[in-house]
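In what follows, subunit A forms one complex with subunit B and a second complex with subunit C.
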Partner chain A sequence: MKNSSLFNKLSSRLDELSNLPKLDDEVSISKLIEEKGFSRREFMGWAGAMTSMLMLPASFTPLVAKAAELADRLPLVWLHMAECTGCSESLLRSATPSIDSLIFDYISLEYHETIMAAAGWQAEHNLEHAMEKYKGRYILMVEGGIPHAQSDYFLTIGAHGKTGEQSAREASENAAAIFAIGSCSSFGGVQAAYPNPTNATALSNVTNKPVINVPGCPPSESNIVGTLLHFILYGTLPALDVFNRPKWAYGLRIHDACERRGRFDAGEFVEQFGDEGAKEGYCLYKVGCKGPYTFNNCSKQKFNQGTSWPVQAGHGCMGCSEPDFWDKMGIVHEPLGDRLYHTVFGGLGADATADKIGVGILTVTAIGIAAHAAISLIKNPKE
Partner chain B sequence: MIKLIEKIEGEAKLNFNFKEGKIDFVDIEFMSTRNIENILRGKNAFDALVINPRVCGICGHAHLIATVQALESCYSNLKLSNKAKIIRELTLNFELIQNHFKWFYLTMLPLFGHKQEILKATYPSQLMGKAIAIFGGQYPHTSYAVVGGVVCEITEIDIIKLQHYMAETLKFVEENLVKTKSENFLTCEDADALLDYEGDLPDILRQIKKENLLEYGKSYDRFISFGHNSYFKKGKSLKAKITHNISVLHVKESEMPSSFAKNVSFKDKYYEVGPLARAMVNKTPLIADAHKKYGDSIFSRILARVCEISQLLQHSKELIKDLDLSEKSYIEPSIDISKLSSSGYSAVEAARGTLIHKVEIENGMIKNYEIITPTQWNLSGGTKDKHGVSQKAMIGLSDVKTAELVFKSFDVCSVCTTH
Partner chain C sequence: MSKRVIVDPITRIEGHLRAEVIVGDDGVVQDAFVSSTLWRGLEVIAKGRDPRNIPLMMQRICGVCTYSHYLKSTVAVEDALGIKIPYNAELVRTLMNAALFLHDHVVHFYHLHGVDWVDIVSALSADEAKASKLAFKYTDNPIGTGENELKKVKEKVAKFAKNPQGLGPFANAYWGHKTYRLTPEQNLIALSHYLKALEIQRTAAQMMAIFGAKQPHPQSLAVGGVTCVMDLLNPARMGEYLVKYQAIADFVNNAYYADIVMAAEMYKTEPSVMKPMGVKNFMAHKEFMIGREEYLFDSGIIMNGELSKVFEIDEDKITEEATHSWYKDDAPQHPYEGTTNPNYTGFIDGQSVGPDGKMVDSKMINEKEKYSWIKSPRYNGEPMEVGPLASILVGYAKGNKKVQAVVNEFLAKTGVPAAALFSTLGRTAGRMLQAKLVADNALVAFNNLIENLKVDQETCATYVIDKDKEYKGRGIGDVPRGMLSHWIRIKNGVVENYQAVVPSTWNAGPMDSKGAKGPYEADLIGLKIEDLTQPLEIIRIIHSYDPCIACAVHVMDTKGKTLSQYKIDPLYGGCTI
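And then the complex of A and B:
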């Protein structure tokens, strides 16, 4: 029953969207998919994968497909702040050409500094035009931390000499939804690491609008696209955790669904890169994996169209979707064990036990779960 | 006239000064920096391996390799397996290849009035991203290279996947970029003969000739390349005269009053880096011919960058043959990093040219770290008496649109530059 009412709710949301004018009358998503050589079956296969990622029942697949097809009703504005462009790169590598087409051909990317054809005055005009024409309707995605430091002109962009902070603030004002893409925009990122020389900060600190954080360095393309599809489907913000991350993506720890988890439970650890354990795919905890403290779905979604992810490649998780991980989760190749204060979760980490005992014990998991639960209790999750 | 230049992976401001209808001088300014060097100071040396790829999301892999090599140069007798060396080189090649596709299709084609074909850029670069992910776990931002080797333990099946991605990329090149068997393209030594082929590259080169753009983009005809490996040679080229005996010690950074980016010079002279520089130093016949006919113009620069896609694919195929999976991926260094106080440097060829990292370690902690990026070389903002490479290439042009074309032919990246 619960599912069917949700189904109806999402259906009416999509009906509403389909009444909106298209951004470009000349193109239709289903026609484009066909032109690009994709069968309906392939497209539905993709939609099925997205459905399961968004933690919806398989029967919702047609809805997700429809949502994707309606993406051309929602203009997207993408701003760059202090960052490395890695998140855009992650998006550029997004899954299968159907998704690429969705992002680039169907969803009208009204403004994206890296990939749009315009530059200079023209680019700035495009941004202003998009913000005016689609007032209250556009989705804002911001990549990069917002720096304040050094001079009034810092990160001055655009022909009118606006600072990055001004642009971000103005664009946030009339956006239908705001997504902070990547750890920089979500939490300040690498430039905000000690001593934070440019005084970089999270997007949520420069606007009073609700910001959905999609952290990761970079976040996987599926988390970026999934966040967007979620908004198209629901028209509302997803359930968020204490750090404003969508629960469907950041609800579990890396450790919970790690492919090497069985090794951890059996007490089989890589003691040193290149050893026999490394060849056998043992747990990477002792060579610095921060999976037990990191909430993300990397092990399920992976990167580069599901090719791999750091732990699969033999390098521990570095905790990139957690706030301030640069300062709190070092040293990169050492476990956090025994350094219980000043770690994330105020030292609730369970690694000290694992480090000393080195055999599989479920206590570790139990404590981890307790940590997660404790944090969820601090603030009311926005269900 | 001030023009903001976007779509260079970040922003730069170009301030054009005109005199009698021609560009007389161009100020190049970068309006931000992230100060990564400052953040590195005081951190554990190995943390640089995860921080530095974040200098740039487009050439993060080059930063990883530069970091690991700079750290390794601090050790006196570090051993590295051939397997680890080959894997590092392969991934670097793949990163260069994916960059060149994106630059050509996303940045250059629209400047020639063509429709921006995003899928043509993303399809092959996705394939190369997957190829890197096989070794590195993800792309961008891998951290799989560590002091002493690499952490990945790949299998025969991974190699098969890799070969498949490379074959698909090659197929894309042969069906879109230059419509011929790649052997023909690779053995072609006559730049004009290339114009008879079909494909997106010959189309652009023909357009350059037809629209009389051949004289555009000429600079000092002075090239440099430091990052040598099994394919690239180290050296400099001055009007096609090549010297291989050069030292990083003569490379100097200097601050600029109006910009957050630093200038870079070699023996007090500005040099061009990038694919054209590499091809000149390597004496690649096709590029040498283009240079002989059309100098260091946009024609040669574009040809060199795109040509590198095929060359690196070909070379990577050979490299894979030398890969012995039974070798060790990682050999533990004989000294623990916490007992190491030393200094070192590395030079790596990134997509846009020579990338240099210098590091000083004290008891395993970073005391000082310096990063010199390729775009700093090409975009050094000189004075009216001594222009930077790209500044010189823009002077004398009569309109800003052409200047933008020339500027972007260097594949500039402000993300790296404002590290």
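And then the complex of A and C:
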């Protein structure tokens, strides 16, 4: 799509949103910005950063800013399934200046068990109320894998003992958009790792509604907030890869924009943690980095407001935004390319594009990388 | 006639938890049952995997106390393999631990437990000038309580209150409940700190991420040490840690501390907060290496609230049983040999007090049978409370000077007698005192690290895993919620058996075979509830433990048996959390 037609499409989408009844006339984002002590200029700076993160041309910045201003029209329901609460915690870490958090505050958070004040019957009432009142208009975010089918009893919620699967399905029914936040609701997550004793599964397997996956264990705060913004802008699902991940966030491999990429190309590798190469910031491939097989923007966005990310901390990527990574990424501190896996590597993972992945190509890539690593070492011995 | 009251979901915790109480006509709880309603099976999944993968996997037990399991699981593997990690690595792990404790305790008090103490709606009628002045009563350097600041906070809340639509996460709570004790001015001070703490927790998370890559779920430990050597050798990075640390320490000393003193003053006559606790046995493990063989917190056991005698922990006496848990194999088992087969029997049909006070059909706990995914850990057959209060009491009883000083100072400031520490208030105060001790002493580790880096830059030990050898080991210590232990056996180079015995398991477990109750259940008995449709008192007690239920739920050894309701692939047998 040409920029101009995309621009027009987004503009008319925002006009549509502006015409929706406001949830609360008393509150506007501009007012909140003032209250929080941010200038309009700071806000626009933030909108610019979000625009480039969403891979939109800079001329779209005013639209992104406007989209943020319209965010108050979105009631949000957040459900917890079989999970560790890490994704909720990630959301709470939103960026400095706390403008992401501002938007989070500004969304009408109708149900979120970790944060909400109500408990028991009152909590259940809040959920029912939101689903009824905002039928077809609320955003649903689900955290956690879902014990499924004959195993659904591994999770029950509420005095009526409703199963998690039932709740997730019901809430999906009338949601305006559904986001699976984190690798658990996207792909089943750690509880779905072999042998998956609770038959945990992805949200997309318990509803027939379209689900956008925002994987990561947990996803960064900017990927969660950016995903919401994308929905507000387009009003439809963003462009997705084969695993239903938004391409704007999961279109590049970690390896593509890695700060240690130059070391990889130069054949300079950490051979074991704590060695001289580790002190020099050499590539972590040989100590198990899965960056070449993992699609995410960690190497660009980092975590905790840009404080760091695994490769910066000398550890290497573990591939946490790929489906079934616990079973398919092998041993965390060994390279993937030169060993056998104890489960079948089913072609899920990574390659030159996120859209077309074949086990053959992947294997070739893996072998290629391993060979590259080995040859580089011979050519340019660092010891 | 007695009635049953169910609270499910208990919100503002990690995980899925239900509490049920039986209340007499006098509103007093006669019996109580607590159930976890989610099982994930991570120990089953651990079996057969490479031990190096286990710490990152076990970290996924919890995204709140995210570093706790990562650390203890790594230590378990190191213990099994006989690895002594470099001193630098020990100290960095301590610095990351400091970030976790400060983060966890602040978030717990303000965002999870806080609204059990603070009536947000009441803050509306506060006089901000008076409140601003009042703040000086509790600290010489108040934070976030200037008159204008409080005015803004109040306006924000007023807007929420005016528009029920806008209440969002604060909707439908127990505002105006009779057992709230703070004045409007005090509520306003605490509310301002609630908002401030949202920023502070982000800073604390960054503090972890400096050496940990990210938070939640840091990623910079390896079996043998730490990987963040570049960050350690970068003085700007060290400075970043220091600055964030100082901001948080300031908040702990001048907001958190002050607010607990304020709460103690107002709640020390509130029966639901001062009711003596049900289990008076405490267990804590040494933690926080701040220098060579120098630890901030001590190991020990206190029985029956008797502070004059502290017992040493004998790890062989730790067991878990499943009489009232949804597993087979009821008998007590040591974690190295623990086996458990899921055996879900569900709830039974019954009636409980509904939201409008009428009896409604509900699914109820069957207390005669099994009723929770949490097992019942015991020490020498006795239930134990673990957590910050246990750590503080053990340190106090053992004569730890640092601990004694903060406890004595707190008691003097509040006029609360030492015996009153054995209560919900004591548990909440104990957590704050632990945060203060960390805030006041973590720099010792920081300075020792700097000194050591001048002469030694080693960060990771090397090791081999011999596939022909069998190993076993455990990682044990005290994390923000109390004593945590991970137990591993390695055979043929892979995990043969894995178990974690977790703080919330100790505290939230159901009755044992003798009918002895764990701390949550025992604590609820005798509690007077003002209004059965608004059981604030129940959640206040439960929250004081900082429940972490995904952590607490253990699973088991399936051994290919046909279970009651589903079949397990016979390829894996084994044990788990």
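The definition used in the following text is that the second predicted complex is superposed on the first by the 324 of 383 C-alpha atoms of A that agree within 3 Å, B and C clash if a C-alpha of one lies under 4 Å from a C-alpha of the other, contacts with A are read in each partner's own complex, and residues count from 1 in each chain.
In this section, a residue touches a chain if its C-beta (ideal position, glycine included) is under 8 Å from a C-beta of that chain, and two chains touch if they have at least 3 such contacts.
Keep in mind that what you see is a predicted model, and the values were worked out from it rather than measured.
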Subunit B versus subunit C as contact partner of A:137, first or second or both or neither: neither
Partner chain in contact with A:83 - subunit B first, subunit C second, else both or neither: both
Contacts of A:9 with subunit B and subunit C, given as first, second, both or neither: neither
Which superposed partner A:126 touches (first subunit B, second subunit C, both, neither): second
Subunit C-contacting residues of subunit A that also contact subunit B: 80, 82-90, 92-93, 101, 113-121, 123-124, 147, 150, 153-159, 164, 189-191, 193-198, 200, 217-218, 220, 272-274, 278-279, 281, 302-305, 307-310, 312-315, 318, 326, 331-333
Subunit A - residues contacting subunit C, complex: 23-24, 26-27, 35, 80, 82-90, 92-94, 96, 98, 101, 108-110, 112-126, 147, 150-151, 153-161, 164, 189-191, 193-200, 217-218, 220, 272-274, 278-279, 281, 302-305, 307-310, 312-315, 318, 326, 331-334, 342
Residue numbers on subunit C that touch subunit A, as the complex places them: 6-16, 18, 37-42, 44-45, 48, 50, 52-53, 56-57, 60-64, 66, 86, 111-112, 115, 120, 152, 156, 159, 162-163, 165-166, 168-174, 198-199, 201-202, 205-206, 208-220, 222-225, 227-231, 233, 342, 344, 346-347, 352, 354-355, 360, 362-363, 457-462, 533, 535, 539, 550, 555, 558, 565-566, 568-569, 571-572
Subunit A residues within the subunit B interface of the complex: 36, 80, 82-90, 92-93, 97, 100-101, 104-105, 113-121, 123-124, 147, 150, 153-159, 164, 189-191, 193-198, 200, 217-218, 220, 272-274, 278-279, 281, 302-305, 307-315, 318, 326, 330-333
Parts of subunit B lying in touch with subunit A, wherever the complex brings them together: 2-7, 9-11, 31-36, 38-39, 42-44, 46-47, 49-51, 54-58, 60, 102, 106, 110, 116, 118-119, 121-123, 125-126, 129-130, 132-144, 146, 148-149, 151-153, 328-332, 404, 415
